[in-house]
Every structure is written in C-alpha cells, then in structure tokens.
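Naming follows writing order (A, B, C, D, E and F), and every chain is counted from residue 1.
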Amino acid sequence: MEKIEIKDMYKYLNQEIDTYLLVTKKELKEGKNDRYIRLNFADKTGNISGNIWNNALSMMDGYGEHDVVKVRAAVNSFKEQTQLNIKKIRKAEPNEYEMSDFIQTTKKEVNVMIDELFVFINSINDEFIKKLLLSIFDDKETLLKFSGCPAAKNWHHNYVGGLLEHTLSVVKICDFASKEYPVNRDILVAGAIVHDFGKIFEYTAPPILDFTDSGRLIGHLILGDEFITKKANEINLFPPNTLMKLRHLIASHHGEMEKGAVKIPQTIEAIVLHFADNLDAQTMGVHQLIEAANDPNARWTEYDKLNNRYIYLG
Amino acid sequence: MEKIEIKDMYKYLNQEIDTYLLVTKKELKEGKNDRYIRLNFADKTGNISGNIWNNALSMMDGYGEHDVVKVRAAVNSFKEQTQLNIKKIRKAEPNEYEMSDFIQTTKKEVNVMIDELFVFINSINDEFIKKLLLSIFDDKETLLKFSGCPAAKNWHHNYVGGLLEHTLSVVKICDFASKEYPVNRDILVAGAIVHDFGKIFEYTAPPILDFTDSGRLIGHLILGDEFITKKANEINLFPPNTLMKLRHLIASHHGEMEKGAVKIPQTIEAIVLHFADNLDAQTMGVHQLIEAANDPNARWTEYDKLNNRYIYLG
Amino acid sequence: MEKIEIKDMYKYLNQEIDTYLLVTKKELKEGKNDRYIRLNFADKTGNISGNIWNNALSMMDGYGEHDVVKVRAAVNSFKEQTQLNIKKIRKAEPNEYEMSDFIQTTKKEVNVMIDELFVFINSINDEFIKKLLLSIFDDKETLLKFSGCPAAKNWHHNYVGGLLEHTLSVVKICDFASKEYPVNRDILVAGAIVHDFGKIFEYTAPPILDFTDSGRLIGHLILGDEFITKKANEINLFPPNTLMKLRHLIASHHGEMEKGAVKIPQTIEAIVLHFADNLDAQTMGVHQLIEAANDPNARWTEYDKLNNRYIYLG
Amino acid sequence: MEKIEIKDMYKYLNQEIDTYLLVTKKELKEGKNDRYIRLNFADKTGNISGNIWNNALSMMDGYGEHDVVKVRAAVNSFKEQTQLNIKKIRKAEPNEYEMSDFIQTTKKEVNVMIDELFVFINSINDEFIKKLLLSIFDDKETLLKFSGCPAAKNWHHNYVGGLLEHTLSVVKICDFASKEYPVNRDILVAGAIVHDFGKIFEYTAPPILDFTDSGRLIGHLILGDEFITKKANEINLFPPNTLMKLRHLIASHHGEMEKGAVKIPQTIEAIVLHFADNLDAQTMGVHQLIEAANDPNARWTEYDKLNNRYIYLG
Amino acid sequence: MEKIEIKDMYKYLNQEIDTYLLVTKKELKEGKNDRYIRLNFADKTGNISGNIWNNALSMMDGYGEHDVVKVRAAVNSFKEQTQLNIKKIRKAEPNEYEMSDFIQTTKKEVNVMIDELFVFINSINDEFIKKLLLSIFDDKETLLKFSGCPAAKNWHHNYVGGLLEHTLSVVKICDFASKEYPVNRDILVAGAIVHDFGKIFEYTAPPILDFTDSGRLIGHLILGDEFITKKANEINLFPPNTLMKLRHLIASHHGEMEKGAVKIPQTIEAIVLHFADNLDAQTMGVHQLIEAANDPNARWTEYDKLNNRYIYLG
Amino acid sequence: MEKIEIKDMYKYLNQEIDTYLLVTKKELKEGKNDRYIRLNFADKTGNISGNIWNNALSMMDGYGEHDVVKVRAAVNSFKEQTQLNIKKIRKAEPNEYEMSDFIQTTKKEVNVMIDELFVFINSINDEFIKKLLLSIFDDKETLLKFSGCPAAKNWHHNYVGGLLEHTLSVVKICDFASKEYPVNRDILVAGAIVHDFGKIFEYTAPPILDFTDSGRLIGHLILGDEFITKKANEINLFPPNTLMKLRHLIASHHGEMEKGAVKIPQTIEAIVLHFADNLDAQTMGVHQLIEAANDPNARWTEYDKLNNRYIYLG
C-alpha cells in the first residue's frame, strides 16, 4: 500500500483513504451525545487532525502517541482545515513503514557535522572554555539530544538535526568573522556553539516536534544559561569573567528585547554572534521557502506571511 | 562645618566650598601635560564629578572609593554639568559625618518590613514553597543584602531598602488579589516575594548605588532565576511543576518582551504579578516625583521625561 | 425538545436540526434571482448567522429582532463559518424557553454587587462627590442600565452584569491601594466607580450585545465624561477642581494614547486607577480563557490570539 | 532706550543690559541662605528666566504676572540656558512700550479672517448646523477668545490668532475638497470650523501662552466636544444624528489614537477633515521653520528636532 | 446567455454554471495521479480560481492568458474560497462579450481628464519644467500607458484609469494649496503630475492588474525617478537644482520611511505633496468602501481590515 | 609650534591658544551691532566652531573653506559647547602642517584594499557583470572618489577610505556566505561591491565630511541605482534580469523600510547582503567605540546613545 503524504490529502476531499500516520496527540473528549477520540497526526510533510466519532471507547487501545498507525478515514473539510473522519485504526508493524517518512530531517550528514563541531571545539585555545565544551558534548546522551533537536518549530531549520546544522553554520560564520575583526575568538566560537543549546530543553524529543512546558514558560535562553552555568561551576577555578561573557552571549543573541533578548549585545563578540545567527537563520528560512516552491516554472515563491513578501525565483 | 548638599551646589557656581562627599569612583587619567585624578561623588541628594588637575600623583593616597572625604573645591560649570575643581581632599574621620547623609534610604522601618515579609512567608500552605523561601531568607547574609538593596537605579524605590519596600508592597497587592481571583495563592505570593530577588546581584552594595557587571550583562531575571532554582534543587523532592511555575513568574513579570520579559505571562498568577508589580512601581515613581516637588505653591511637578508629562499637584 | 447550543452546532454539519435561538438582526436582502432574509442569532454560548432563501417575503412576519424563535434549519458550512439554512421559523412561546439560555450573564449576584457598590459610595467623605454618585445611582433606570451592561464586547466581562462586576472589582483594588499609597481616596474610589460608566451608552441594551452608533463614533470616554459633567453641574457649588480631577480619571484610565486614553495619567490617582483597571481586566480575561478550557485533562488553554499565547493550566 | 529681543540676549553674555520684558511667572522661592524670586519672561521672540537673589522680599511688589517690566540684569549662562541675574525691576509705563513687541501675533488681518469665517458659516445649507455655529460665534466674548487663541504651544500657529488662522485654512481646504469628493459639505465645513474649538479652553488667554490645567488634564477634544454639545442641546430639535457626526469629527480629527484621536475617522468627512488638518498644520510648521532661517545665504534651515530633518531652502 | 459576475458566484455553490471569464493566469501542474490545469480568472467584480482535473493535456489549447473564455463549471468551496471545477472551456468570440465587463475602469471620462492634465501642464511658468512634462506626455504611447494604468492593486483607484484620476486629483489639491501657501507652484504641480508616474512600470498592462517583477523588486519610486531623470537629461541645460527638487518630491511623497518613502519630505513642496496624496488616496479608498456597501439600508460598511474600522453610512 | 587636537581643547577653557585647524565652513553673519564671521573647523579628532566678533570685514580674506589656517583664539564655553573666540587667523603654509592631521583616514592600506577589490571583480564568472564592474572601477576618477569616500557621517567607518574598507569587508562576508548557501555568487558579490556605491554622491569630497544636497534629498540608494543602471545600459545586451537583480540588491540592502530600504529583500542574495552589511557595520561601529575608550583601566566604554548601552571591555 502506498502512503499518502499529508500535504496531498486535500486532493482526496470527500473520499476514503488508507494510509500510515504518526500519532502526535491522542485525547478522549466529551461529545454531545457520546465520547469521541481526537487525534493529531504528522508525517514529514505536515500535520493533520482527525476524530473517531463512533465507539470511541472500544477504539482507544493498542496504539498511542509516538506510534505510527494504519488508518482508514474519510477526508473532510471543517472550518478552514482538511480533517480525517477515522473509521479504522491500528498500530503499524515495524516492517510496514520507514520512520524517516514521518520525521523531517536535515539533509546533511549528522556524523560529519558532529566531527566538524569537534574540530571547532578543539581549535579553542582557552583551556577552561575547551574543557567546558568537552564536558558538555563528550556526554553521549547530551550529544544525541543535541543532534536530534530542531532549531525552530515553524521557521528555519524546523527538522531533526536542525539545531546541529544551524549551530555549525553560525560557528563557521563566527570563525570567519574572528579573522576579520578584533574579537576574542575563543569566547565567540564557544558562544556560537552554545547559543541555542537550551533548545534541547525547549523542544520535545523526536519524532514529535513541539514545545515542552518549560520551553514555553521559561524558554531556551534561561534553560541554556542554567545548563552551561552548572557545567562551568563543575570545573575547578573556571574564570568567572569568562563565564559571565559566555552567559551574556546566550542572554543577548536575539539582539533586541522585542525579539526576545534578555539583554542587548554589550560586547563585540555578542554583536558578531547576533548578526551571524540572523544571517544563517534568515538565509536558511528563505532557502526553505525556495525549496518548497517546487514548480520549475514558478517565478515567485508562495507568500511569506511572516515577512510580508514573496521571494523572487526568476 | 556645614555639609553642602549636592543638589544645592549649583548655587555656589564660581565660588570655593568646603564640604563632605562620598567617593564613588576614583581614576588616574592621562591629561595633556600631566596626569590628573577624576572623581565621582555622591550624597543622598545626588551625584557630582570632580577633578584634581595639579599634583595628581601626590594626592592619590589616603582615601578611596566608598570613603567619605572632606574636600575644598571650586564649583565650576563644564558642558551642561556642575563640576568640582578640587584643591584639597582627605578622608573624613568617622565622627565628622553621619553615613546616613550620604545614602538615600527607605523611610519605612526595615525591621518592621522584614517581620511583615516573614508573616507572608509563614502564611504559605505549600510546605515545599515555604521551605524554599525560608531557606533563602533565614540566611542572615542574604537577608542583609536583600534589605539593603535598591529596587532601581533611577526610577522608583532607588534607595537602600527600596527592594524590600517594593517587594512587600507587591506581595500585599498579590495577597489582596488572591482573595478576589481564582489563583493559586501560594505560587502567587511566593512569586511576588522572589520576583525581583536577582536585584541583589544586579546592584552594587551600599553605599554606592550602581550596576554590577553581571547586572548589566546578564540581568536580575536570569540571576534571580539561577539562585531560586539552585535553592529549590537543594530541597529534597521539590516538585518540578511548582518550580517551573515560580521560574515562569520571575521570567515573565516585566509583562512584555520589549519591557524586558523573557516570556510573556502565561499563567493567571503571572498576569496578576505583572500588574501588581506595575501598580506599585508606577505609583511609587509618581509619588517620588510629587515628594520632590517641595514647593508648597507648585501646581505641577517637574517634567517627568521618562513618561513625557507633568504630574498635577493642585 | 432539547435546545442545541450554538457552540455545538458544528457537530450537526450537513444535518437538519430543530432548536431555539435569539434573533439579533433581521434583514431583507436582494439576491440574484430573488429576495432572501439574512438573520443573526445568538444564545449564551455564541453567535451564528442564517438565511431564508425561499419564499422570503412570506416568512418575514411574526418575529423580529430581540425575539426568541424556534427554527428548523440545515447546518451548512460557508467560507470559514458554520451557517444555518432555515426552513421554518416562528416566534417561540414564553413557556418554551428560559431567557437566561440566550444571554450570557455574570455569575455573581447582581443585588449583592449593587449593595457593595453603595457601601463604597457611602464611604466617601467628600459630600460633593458622594452627592454626585448618589444622584447617578439613586436613579432606578440608570442603575438598571448600569447593572445590565457588559464591560466589553469580546474580551473580559463580555456579558450582562459585566460592567457592574468589573467596576466593583476595580473599586476594591483602588480602595485597597488607598490604604497603601498617599492618594485622595474619595477621588480615587469615585473615579473607579465612574471610569467605565459611559459604556451604558456604548453598548446596546440586553439581550443583544453590540456597539451603539455613538459608541463606535464617540466612545465611552467622552459619553461618560459628558454624563458625569452634566450631573456634577446640576449640583450647586460642585468644586470645579474636584470635577476636573474626576474627568481626568475618566479621560486617562486607558493609560496610553495608543490604547485609547485621551490623556495619559497625570495625577497619582489616575496612575492607580489605570493599573487597577488593567489588573482586573487582564486577570478576568485570562480567567475566562481558563474557564473555557473545560477539558479536565488539558494542560494549556486554546490560543489567545489577542496576546499571542496559550495559558498554562498544568 | 532700545528693547533687546530675547532671541539676541545670548550676545550679551556676561554683560549688563537694560530692557523691557513681559512677566509670565513670578515665584518667591526658598534659597539656601535666603529667599529669592524666580521670574519667567517673554517677548515675541522667545522666553527667558531670571532670578532676583538679593533683597527678594523688598523687590516683590509693584509688578506681577502679565505686566511688562523694565529690568537691569546681568546675562548669565546656567546649565544650557541663558539666564538673567536681575538687579533692578519696575513695572513699565504704558507709553514706554508697544504690547505688540511682547506677543507673537498672526500676520494676517484678524477682522478679514473673521469675515471670511462668517461667509463660510452662512454658506451652510442645513439650518440646524448654521444656527449652531451662529449661536457660538455671534457671541462677542466667545469670538474674542477664539480669535485671540493660538493653535499650538510649540509647533505650527503658536501665536495669537493662530487658531483662527489655522481654522480658516482647514475650512478652505475642506470647502475645496467638498467639490471634489462626494461628502456632506455642511457637516464637513462645520466640523472644520469647530474641530479645534476646545483650544480656547486648553490655552491661557494672551498675553501669556501656556496650557490651562484642564487643557493638560482633559484636553481640547473633550472640552470642545462638551461646548459644542451643550450649544446644540440648547437648539430645539437639533437632529441627534447630525450632532453625533459633528462630535465624531472633533473626536477623530487627530486621525490615529497614538496622535491623540479618541476614535479613528469612521466617516468620509472625518477622513477629509483629518488630512486637511494635517496638510495645514505641517505646511505652516515648515513655513515657520523657513521664515526663522533669516540668513539669505542659508541653504538649509536649522534642525527640525520634532521630525529629524533640515528643510532645504536652496 | 447571461454573464454571472464573480462576486455573485458563491450563490451557485454546488451548482453548475455557464459564464464568461477573463483568463489572468494559466498553468499546467503535476497532480498526484495526473497533470491538471490551474487557472485564474477575473471580471470587473473580482477574481476566482479554477481547475481542470481531467484530460488536462487535451484542454490546454485554443485560449490563453488575456483571453475571455466561455466556461461550464461546478462551483465548489475549498478552504475559505469559492472555486470553479471546470468542465468545458473555449475562447469566446468577440461578439459574445463586452471587454468592459471584465475590466474595472474609472467612471470619469479619460479624455476630459487628459485635457485637464494638459491645462495644468501648460499653466507652468518655468519653461524647463513645462518642456520636461510635455516631452513625457506628448508621447502617445506613454500617455496611453499612463491613462490605462491603475493607481494601486488593492486599495484606492485600483482600476484602469485610476492613476490618471488620482494624479489629477492630487494636482488639483496642490494647485489649490499653491494659492494658500508660499510654495513654488511650478515645482509643486509638476511634482504632483509625476509623483506616481513610475506606476506605469510597476503594474502590468490591462486587462490584467498585477505587479511586474521590477515593480516588486525595484518599485515605482525608483522606476519613476529613473524615467523622469532620463527625460530631464535629454533637455539641454535643464537646471540641476530643479531636477533635484523634482526627484526629491518623487522620493519623499510617501512621507515616512516605514510607508515606503526613500527620504522624508525636506522641502515645503514635498510636505504639501505628501499630504495632498494622502488626502486623495484615503478619501477615495473610503469612498470605494462606501460604494461597495450597496445595501441602501446598511448603516455601516463592511469591515475595513486595513484600517480596523467600519465606515458609518447613517 | 605644537598642534592642539580638537578633542583636547576643553582643557584650555578660558585660556588663549595658538594652533592649526581646517576650515569647513565660513559665513559672514549679521550681528546686533555689527557683522561677525562664523567658522566651523575640523581636524582628525573632531569638530569645533568659532567666531570673529571684531573687525569681521577686515578679516574675511586670505583663507577659505578647505584651507588649513593658523589661529589664535580664546577657548570659551557657550551653551553646552566648547567654542573659539578668534583673535587672529591666517592661511597656513603647506610646510607648516601635515594634511593627514586634519582628516580621519582608514588605518588600512588603500592600495592593498583596491587590489583585493579587483581580485573579487575578476573572480566573477558572468561576463556581463564583470564588464559592468570593470567599466566602473577602471575609471581612475571614479576609483579615486570611491576610495576617498567615508561610509557614514557619524557611526561606523566615518573616515576617508571608510567606504572602500566597508565595501571590501561586506564582499568578503558575502564571498564566504556564497560557499555556505545556495546563492548566485556573481550577483551576490557584485551586489556587495556596489551596494553603497551611491555614497560617493551622498558625501562631499575630502577633506570635508558632510552630506551633499542631493545626498540629503535623494540619497545614496537612488543615486547609486542611477549610476549603476546607466553603466549597465552602456553595455550592449546587458541582460535585463541580471540588472534588475543587482538593482534590487541596492534598493533592499537596508533590510527594512523603516531603516531606509526602498524594498525589503526578496531574493536570497538580498537577504545575505543585508545581514552581511549589518554584521560589518555594527561590528565596526562597536570596534570604533572600543578604540575610543583609550583608558586602559576602563571596564566599560562611553555610553552609546544610538543603541542605549555601554560596551563591556573587561
């Protein structure tokens, strides 16, 4: 059986389909006459919701959030959304699907990127800073979380591995800038490496891409700061001034308070990091828009609502 | 000898005065022909700067930052500022002055305020939260720092004890609100107590009121969050959800990102705390403006540049 | 027969239902081939529109705006809206329905609130101010309008009695604040009582909640100011300075010009009133969001578009 | 004796001058050792302050606010301001000065402008509106106040007669626009005539140009609305819809809430009035800047701080 | 056969219609199972899209963009849009339709407006400026483009002839203003004539109203400036200062940078032009809203999303 | 004789000095009793103004704008400014001074930078683009203007050679980015080379750094666009699409309309260029602040008013 991608489901409006989907949320709800099940699904092309209106209680078991399921469903339109009216559902067997069909992932090689990251870590001269970074990334579990994390939910790098990919790009720009401007390269490169580290606490683990509660309530700036500070404090005699500067880079990398910075950049390294972060995030955001415009004849992308523009492809 | 208050010094323009001043900064600078000493002074009525142009090297010793000094100086005007040209300077003897003439201090009784604070702490039902607060405020040194700290540098409560005074007022408003609205009183009152706690790290210790380096680079939101989180983690089984909510109250109490909030309020307690904080800060800011208008015939205060208005006294 | 609540009608998509509804608008329109009737309905759970496409002229009579009607209708979806295609309609008999099912109303006791309001009025020491307030609220018709008025159309307290409920809460906060801050309590409490009074002219009378024309074109600030000024001018020797201060509280209570204030707050009472108003409005707005999240398992409310956030329930 | 204009006084720095000045404020203040008198002066070229440091009590009598005085004074510089240190002061005799040297006045003929205004009033077809306008402007005292009032304190038309001059220009633009666009000319022209009428309550009477207390606390929008509404209510059967539209024109003529509009324009007449008002105010503001650049060789005006620009004269 | 206007098509939901439409875009797309044709249509009442799902390849020929076609189609609703499912399509014969039914056009006489424009051109005293304008508008092809161009895509004057109509209105206001204010009338009137000239490069030629690529990427300010500058440079000895001022009027007529001005107005003529432009654009925008409210009983227009308001019709 | 640098002149307050200065402006003004000469001076450390109060007419000759003069002057303070009261003035002989003392100049080697620029030009593959750039920079006079031009008046790179230095840095960042992102390197690098080219028309020629009239009224975006377009149009068959993209890079490189962009970036190259431009400008701006903090003990720079911050040096 063919899998139908979520982005194409609108083409089956008012038809019945059989396909595979990843369950991202499952709730039993009180309906007017009866209970029903509300489900959220995802695959690597998008999200869709669905309902089981009849015999909800008897259809609650055998599958759950994080499972890939096989469903038979009618495709409906409700409010402005395509929606599934689910008739049958069961957990899929591992051999029925490829997990990679359900998770959007970086197109780059994760291992190669990790190697590159370590080359940068090892290029740092300040022994304390290097020790701090190694104490973080030498931990297998942390590295796994880091390299599996997205860099955003909606805009640029919003896929598994996106955080690693984005981090590495920002590091490269900062490394380049450190040759052009009179900055402290060790502080700048280390700051680039950890600037978004808190995102491993801000997003849920794959395969489901969403905010954690503490991600929404506290955010990656504070959560990253907390972790880095704890790690530095575990290192004997870690210089307080160095730690303060690194923390400032995390606190200020969004550049302006209305963009979420706790402090505006107040060191030259913080300035460079902020603009390097912006350069990569915006360029890749636009690149993703361009890639999504898969019609070879199109002269403009779809409308970019966030920035009120189309991107020219001609 | 009479002390001349800094706010009155402009009246001695082009005259020579003898008076007492608190040294808040002392620097040896390279002048054109020779070195000179640049000094910043304060008393409880304001700040002024001065220079020692001649024989700087021989006049560097015997006094320093944090000392009260006796000076003979000519009052000059440079650029838009009144400034002192210092002829003589020496450290004052303890019996020559009252320290309270050099430090602006809350007009309320510090001990009474501390007692009131503890009444609120003890009114909390949640044992973990109460334990957390006691672990913080039972520490003598912390309590001393807290009760000696200002709540701001320029605007409301910018004096020794201001942080305690402001905190207590916000707590009272939140306590009142907890009777009017369906909130978790324990979380709300505790959040009010610690919302500005990080200011003990953001400001220098009395008698000098200024920002610390980490205050400027990292700020009281993160520094307060760090301390509270550390203290909670020292308590066995402290509920993570409770801690997350408290941290959210600290992170969001400025209300809007452009006003410095890391996150906008996302719990009902965070909403109440933000507006309680604003109510006290703005009301007391205006109250200080009104008090400064000491002319009984004045119908309006001086211009409030921060808010583009005069306050009506009539 | 069971009444189907408007908020549940989407569940009957493409079905035919029989139910009761309040008519809030009735218009005869020119269609392409024929005339049709366009109707707006409400009940205490929301609003919905409907059309009578056939035999419009013969179905125009016997019911009108402000009536509760019994309808038979097909539930359709047009553009992003659920909509009724009406087959039958007639005015309902008084014994068929409870008016309270069609009007969203404060959950508090109106009489108790009125009593509380009078306690505050009578607590005012300034005889002129007290006389002014009594001259307003002793009028039965005015009191009826006031206590039946909502405080907003969409956000907080958007139900019958909401204005009274909101006013009383703001008064209580101001009363509390008058013990904490050096304010003129009489001016402040009176200002709180009348700050939104103009809303009785800004909104239509129940059961229909909408803006009046003068509400949209002139607004409750000016309309309230006009009424209070007229009432004060009817009192012999009412002190002009007192009246000016009360008018300033009305004119400035929105706090900032971009939020609709005619003047920014320029007295300490105006500052307190503004933040008290905000505290109650925002807290109750969030409280209504939380109440609307009636799923006991939900960890977050629905998205709050006005403020770009979810509210945490966990 | 020659009068020295205030704008030229900086040329007499550290010299002693004899000249005539209008007293706009006189206060007896508590100095350090003694009382002193603080005075504000004006002439048609600007404002300056001065002090009487010695023998203040003996120099308090014989002159007051609104008087022209003869002074002998030393010209000093304090902070960034030129200031007078007054040695002698006495009320000037009527034959010593021309009042017109102390008050900045429109360059147009007031009587001609009044005649033009009446031509517009009489051109209105709607009998109620015409009656309303005549009931206002036929009152000699009101007309005198109106024609002696400035239209602003700092920016455009900030001189005696400025309100009449500005009003007439806006009326002319609206009259012109009424031929180009499908508007209700009577409403539009009447709205233009009264749009800033409240300024007669917002500014003090000549010769002193300042805000009144109610001007600052309530503002010309509400004060004007109050007056017009009262006058309309005195006319038997004045149509409520007409009054509502006129009031909307007053309430909305600033165009945007952050510019002080109570309501944004919601009728086509309100749109036209707003832009006509802006066109005249901005053009005349720039014209005054250009006139102030009295150097025939200058290619650019002084910096226009309000709008961050120079105006090109070349 | 009757033509069904696009604005009425929603009334035929789920029915099949025969009608005429202008093709504005035609694309062959890759569908899931097969290719399909996506079409955009327009008439003078609006836009609609449609698809040919079956036998796409065989239905590609015989018609194209800019053609009027006859279609048979089912009217569907997809997402929030009415959409056509096309069954038959063929190019319409010239005698089947009036082109004017497909293009929204100014209601004024184009020839009369052109004559008026030339009267203004000939009223200019400066020989260089007059020569410049004649060199532009005496060119038949340019004049044709100019008089066929809209002044906007969505808001005011968004129809064929709109640019000419808007230009002429702005010229008239400027001409009027030149009698009221001390401006250089030649510069002002000429600036008004050419201020939006670049729109002939910014919009596609009728019958299709859309942006050109260079309109989106470079914009009418620069494109207009380029053309006018080129034309002036072709005139022997054209005074550089005159050209600079004209170019400034084009560069600054949007008034504020966030509204798209390259420079803010820095001459009095630029100020007048900016507000004249605004006056006409906003008034006509509102006028179009009012005209669109074709229900004679309506007291308010539809919601004006751009400005967050309804317009009062009562 | 020693030259006294302008930044040190405040140290000579109320003294008389002899020194050399560059005249940047000379005006004969009407004083109260007599004419006087107003002069503006510069050297590489700043600007100062001065007046010749006596015998102005006899001291007008023998020197002018762009000349270095020898002056004897008293150093005064007027308003918040240090100012010179000039007693003697004469044109300096060439052998009395080094021109380089009067002009702030890039610290990098101009010839080396030019060579680097040409390497980038020659690295471009697209023959048309390369031809365009060579046609511009092969012109000796243009190259001289370009390499002598500042990149700003107040903020970053505000010195002779600053434009070349800034351009080269932006080119390098773009060249680096072209390896990291899927961009058209030829378009991007060429756009970087010409993005600020119009500044050669926006600033006056050395030694005086100021805006030209057309710089203020039209600006470097349009002036640069005009020049590049003219040059491209001189090349036979220059591809219009390539030119349009280059023009878009110039028009959009400020990124946001409120920062002066005519269009927001709508190609991926425009995004990269904007952030590269920002990265260099902000980093160098901060670097200049840091350099200006020449006290080796300072922990913070002077206040950066433009961005409301100090920069940390510790």
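By definition in this document, contacts are C-beta pairs under 8 Å (C-beta built on N, C-alpha and C of every residue); 3 or more make two chains touch, one makes a residue touch a chain.
None of these values were measured; they are calculated from a predicted model.
Listed by label, the chains that touch chain B and also chain E are A, C, D, F.
At the interface between chain C and chain D, over half of the residue numbers appear on both sides, which makes the contact a same-residue one. Same interface as C-E, judged by over half of the contact pairs sharing residue numbers, among the pairs C-D, A-F or B-F: B-F. Separating the CA-averaged centres of chain E and chain F is a span of 41 Å. Centre-to-centre separation between chain C and chain F, using Cα means, comes to 59 Å. One finds 42 Å separating the Cα centroids of chain D and chain F. Of all residues in chain B, those that touch two or more other chains are 77, 80, 213, 216-217, 245, 248, 266-267, 310, 312, 314. A complete list of chain pairs in contact reads A-B, A-C, A-E, A-F, B-C, B-D, B-F, C-D, C-E, D-E, D-F, E-F. Chain contact summary for the complex, chain F toward chain A: residues 169, 172-173, 176-177, 180-182, 241, 245, 248, 264-268, 271-272, 275-276, 278-279, 282-284, 286-287, 290, 307-312, 314.
Within the complex formed with chain A, the residues of chain B that make contact are 213-214, 216-219, 221-222, 225-226, 229, 244-245, 247-248, 251-252, 257-260, 262-263, 266-267.
Note for the complex: chain D touches chain F at residues 4, 8, 10-11, 13, 77, 80, 295, 297, 299-300, 310, 312, 314. Of all residues in chain D, only 27, 29-32, 77-80, 213, 216-217 touch chain B in the complex they form.
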